[in-house]
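The following pair of complexes shares a single chain, subunit A, combined with subunit B in the former and subunit C in the latter.
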Partner chain A sequence: MRDRITAVRRNVLARHLFLALVGLLVVVVVVESISDYRNTQLASMAYLGIAAGGLTVLTGTNGQLSLGHGALMAIGAYTSALLLPDSDSSLPLSLVILAAVAVTLVVGAAVGLAAARLHGPYLAGATLALAVAVPGIALYFKETLGGEQGLRVVMPDIPVWVLDLAFFVTGQDLSRSRYTAYVGWLTLIVVFVLLANLSAGRTGRRWRAVRDDEVSAELAGIDLGRARVSAFMVSAAAAGAAGAILAFTVKLAAPSAFTLTLSLTLLAAIVLGGLGSLAGALIGAALLTFLPSVVTDVGRSAGLSDIQAAELAPLVYGLVMVAVILLAPAGIVGSLRGAVQRSATTRRTTSPTTTKGTAS
Partner chain B sequence: MTRHIRGGGPLVATLAATLALTACGAGGRDSSDGEAAADTPGVTDDTVTIGGTFPLTGVAAPGYSEIPTGAQAYFDYVNEQGGVHGRQIDYIVKDDGYNPTTTSTVTNELVLKDEVFATVGSLGTPTQASVADYLNDEGVPQMMVSSGSLQWGDDVENRPMTFGWQPDYESEGKIIGQWVAENMPDAKVGLFLQDDDLGEDAEKGVRQYVDDQIVAVERYTSGNTDVAPQVSGLQAKKADLVLAFNTPSYTALSQLVALKTGYKPQWFYANIGSDPALVGSLLERFSEGAVDGDSTALDGVMTTEYIPGVDNPEDPWVQLWQKVWDEHGEDGELTNYRIYGMSQAYAFVQALDAAGEDLTREGLVEAVEEGGTDWDGPQLAPFRYSADSHMGISGMRILELEGGKGKPLTDVLVTDIGDAEITTDDSGSADDAPPENGVPTS
Partner chain C sequence: MTELQLSGITVTFGGLTALQDVGLTVGPRQVHGVIGPNGAGKTTLFNVACGFVQPDSGDVVRRGERVEGLRPRDLPRLGMARTLQGLGLFDRMTVLDNVMVGADHHARSGFLGGLLALPRAGADERALRDRARSALEDLGVAAYADRYPPSLPYPIRKRVALARALVSEPDLLLLDEPASGLSAAEMEELGDLVRTLTEQMSVLLVEHHMDLVMRVCDEITVLDFGRVIAHGTPDEVRHDPAVLAAYLGEDVH
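What follows is the complex of A and B.
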């Protein structure tokens, strides 16, 4: 048994799959034990988490800054909305998500090709233009894309086998918001496993090499442009999946959902959580999902008026951001990891024999 | 990347056990649902919980964020008098920042977490459109939406739980169009339109009467603050009467551009964009103080009115609102937006009252459909509520602004969407006064 566990630890894929399985169990337990309302919040956290996960790979692992991921999410969301126009559409959600990913991947490739030639502020500027321009497309093609009002997303009925399976496993009837939460979190787990594998393998090493030193990466035989474009495409694909989940959750694809604010929110999520860490992206997404409503509720129960309570949320969010950057500049996960490593090093110097295999 | 899981086995076992426990517990939990279904959500013997979504933060917040404060003050006033059928009204306001995605989230919260009986007065066309189907599917009344789009009342079959409140933009366009055709037949008309339902519906109405007088049509996208191309477009076509259907910010922006380019047509702003106090303060802010922001900024401009506003302090309704605001309001003055919220709250209290002691969602809808047209209230023209139409107030009068006050140019004119004729209102809605205690009874 012990040998097998050690083997599993050594094998990256097996380890990620194991983590995914644990994650899946946690998701089932959590989703089943909370209210419908909390489940819609969970679904929101899932789409923010997926997009932030993709962005953290791009920014943290490959060193490219994107201010346009909100726009890429918009492409995923609009693709889903166009595929789910009314309740007659019999397309399974998994195919819708794949279609959203595929379309976003194509756009991501085009943007990535341009982005690969740019650095730092220029790259930020180019992706910023994307964030500003994409919502405008929806306004321009009003007939097909619904203009300011956006497109409605009609969720198809939950397939019977899913209902049966859900009842078999949990003994409860599956409500719609639970279903959406499951779809969101299953997608998140799949995306995270893929991202984690990519980052841990050869592709990830190339991305990191390009991030750390272009010249030495090139000397080592890495094609810079290719590494950059591939990172951007992977990241865009994740954003596309996130867009699809957003469409399922909100049941609407409207330009006002995909403003620059969304792109900046994603960036804030990965900075809060810790650049380059998928767990950090998830923590950042959780903060962004739950912090505003918690703060508003606290404000209201403390006797503030509705307007003051509503204004409190962005204030606290700003303060948390400042606090994290001042106290934990590597983000929450980054700083925790640093602290753990430091204590491990201290332990190692005192008793070197006991720490075998703890440090990375 | 090499995180290690120690003791993974026990963790899985714990999770599996928890899962198994949840599965066992599920059978018992379901049975309680049957009893709960008999009760109407949000209603107890002594309370009724309602909710609304408004832009309290963000670009749309100035002005609009005052609407729920007015409604809240009026509900507090009614609660102090004992509520409606002995029920206190608990009004929950959520911020959606005028973002339909957020509207969807916070409306979910209202329905699932706060379990509101109905949403009342929630604001915005794109925002409320994003939740209309959801609310109707869930059977939650979407009462008195704060928007003049047609979709709140013209499709009762598909949206049986949705009701409009203010006059729709098409009717407003018709009334304005007919007045222009009769009184300014030689004017070269330019249209300045917000490029969404607001502009589209209004243009449909206006064109019924002055189609051949229109020389220029300019549209702007909400959010883009540069309207110089549109205003120059109107100027180039020599339009000498501009009918503008836009939000208050764009009244200020278009006035500023016109000042800069020396364009001086007769301006006619639809009700939604013509609050003199707000436009004045916006003008001062946008011009960084170069333009004096008092309420004379819109002198000579024409507009419409469907409820009495703060410029009419002698009106018995405004006196009631002033009293309510003094007793229950927050900081700040009584404004037209607060009056808007109070007028809407008044109509909802009427609906609650008419729905009777045994309050259900269906009962509320039925009561509004049956009695809504006869309700006295601050509105100048009666509501159009019936089993076939959930459209709100049926008409308005045309005013010219002078020193922040409106000087009526017409009687109250009423009409409906489509080909309905425009007539002078004879229901006497404009002349009624509130009941002694300020709380409507049926």
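What follows is the complex of A and C.
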């Protein structure tokens, strides 16, 4: 039995699919037990989580900074909006998401090619330009992209088999916001399984090697440019999927949703959660989504006026940020992992029998 | 057949001539040392041999074939590996992962296999992990497989770096100042290790610890001011008047 458990732990795919299944169960329980309003928030957390997951692979695993992931989300969202112009469109949402991913992948390849030659502040500058330029494109092509107002996204009717399945499993009718939350979280699970697979294998190891020491990575036969571009493309693809979910959730693709703030928010999420960790990206996304509304509610119930309560949220958010940076500079997950490792090392060094022997 | 032949290598940086018509030949199963006073061009010659520096003129010939525009990332394919003086370990990766990167060119599975975690990719990973583990065992550092390099003492890190180079199974190993920072006893061990390596490969080494060089090398090339001033067996080089003059005041014996 124990052997079987270790075998499952060693097998990358089995481990990730197991986690995905557990995640799916949690999602069903949570989505079914909360209000429609909370489900819309849950869908927001899903798209922030997907984009942050992609960004943490790029920044944490490969060491490239991007201030332009909000713009890549915009490309995914506009692609979705163009494919869902009115209620007659019968395109399945899965295809819409795939199309959003494909278009963003192409843009990501182009940006990644340029980015692979840049480092540090120059890379930040180049991706910043992306963040600033992309919303401008929407304004320029007013006819097709709707200008300042943006494009409306009309969600197609929920497929009958999904309604049936939902009723069969939960015994309740599936509301629209629940449906959106499910689509978002299913997408998140699929994206995270794929990202985790890559990260655990050869590709992820190459990305990390390039991040840690370019010269050594090159001597090991790794093509630095290819490693960087592939990391950027993977990250962009995730941002594209996130953009599609955003479009489904807010039913609109408009320039105001994809300001530089969005890109910075994503960076904040992965730094808070812990760079390079998918679980950290999810925690960061949860904080960003729920902290403001929770704090506002707490403030209101403590007798503050609505405006005062609303002003409390950015304050608490800033304090959390400062606290994490001071107390847990490796992020929430990073610091937890570090603590576990330290205690493991202490245990090993205090029992001399295990380290001796092969050590010269 | 010779493992590596450098001939007529000239390198200039701006107006400065770092190497002038330098040549050397590394034979099979041979340890070839490059020595010389500071600034003699040893490191530049090394960098030419592994593609970090493109020479202005001259040829790099690997097993009888001229290598055009050698790049560092071609080394594994050419059966060559190089260690770095600063080790260049991947600090945020475990020791095992460090060495697995060194074995990377043995893997065949591609991006898609990794994305979907196909069985093929899993088999590849297991093979790489086994290779890396046995390379660590060969160098007596398998106990540190799960540790991170910054937490390890320098001589251990050095062995990890060597394991990472050896795991690619080169038949020509380039060692850049392998003895720096080692104690006399550790240097002794290193000398023995380099000699055992010659059962499987040739070694080209840059080093300025004379006793180590004299002990392990079959042949030595001496550089001074970017030129070859002497070349031969350790005994020949030791008594060469030009070498004595270049090292005036230093102990060559």
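Just so it is clear, the second predicted complex is superposed on the first by the 342 of 360 C-alpha atoms of A that agree within 3 Å, B and C clash if a C-alpha of one lies under 4 Å from a C-alpha of the other, contacts with A are read in each partner's own complex, and residues count from 1 in each chain.
Simple rule for what comes next: contacts are C-beta pairs under 8 Å (C-beta built on N, C-alpha and C of every residue); 3 or more make two chains touch, one makes a residue touch a chain.
As the structure is a computational prediction, the values presented were derived from the model and not from experiment.
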item	value
Superposition on subunit A - do subunit B and subunit C clash or fit	fit
For subunit A as apex, the angle formed with subunit B and subunit C - C-alpha centres, to the nearest 10 degrees	140
Touching partner for A:335 - first (subunit B), second (subunit C), both, neither	neither
Touched partner set for A:216, first subunit B, second subunit C, both or neither	second
Partner chain(s) touched by A:203 [first = subunit B, second = subunit C, both, neither]	second
Superposition-derived minimum Cα distance between subunit C and subunit B (Å)	11
Residues of subunit A contacting subunit B in one complex and subunit C in the other	12, 200, 357-358, 360
In the complex with subunit C, residue positions of subunit A that touch it	11-13, 16, 194, 197-198, 200-206, 208-209, 211-213, 215-224, 230, 345, 354-360
Residue ranges of subunit C touching subunit A (in the complex, touch as defined)	50, 71-77, 81-82, 84, 88-93, 97, 100-102, 104-105, 107, 109, 111, 113-117, 121-122, 124-125, 128, 137, 140-144, 147, 151, 156, 159, 164, 168, 189
Residue ranges of subunit B in contact with subunit A within the complex	1-5, 8-9, 11-12, 15-16, 18-19, 22-27, 29-30, 56-57, 65, 68-69, 72, 93-95, 98-101, 104-105, 108-109, 112-113, 125-126, 129-130, 133-134, 195-197, 221-222, 330
Subunit A residues within the subunit B interface of the complex	1, 5, 9, 12, 15, 18-19, 21-22, 25-26, 28-29, 32-33, 35-37, 40-41, 44, 139, 147-150, 152, 169-173, 177, 196, 199-200, 246, 250-252, 254, 256-257, 259, 293, 296, 305-307, 310-311, 313-314, 357-358, 360
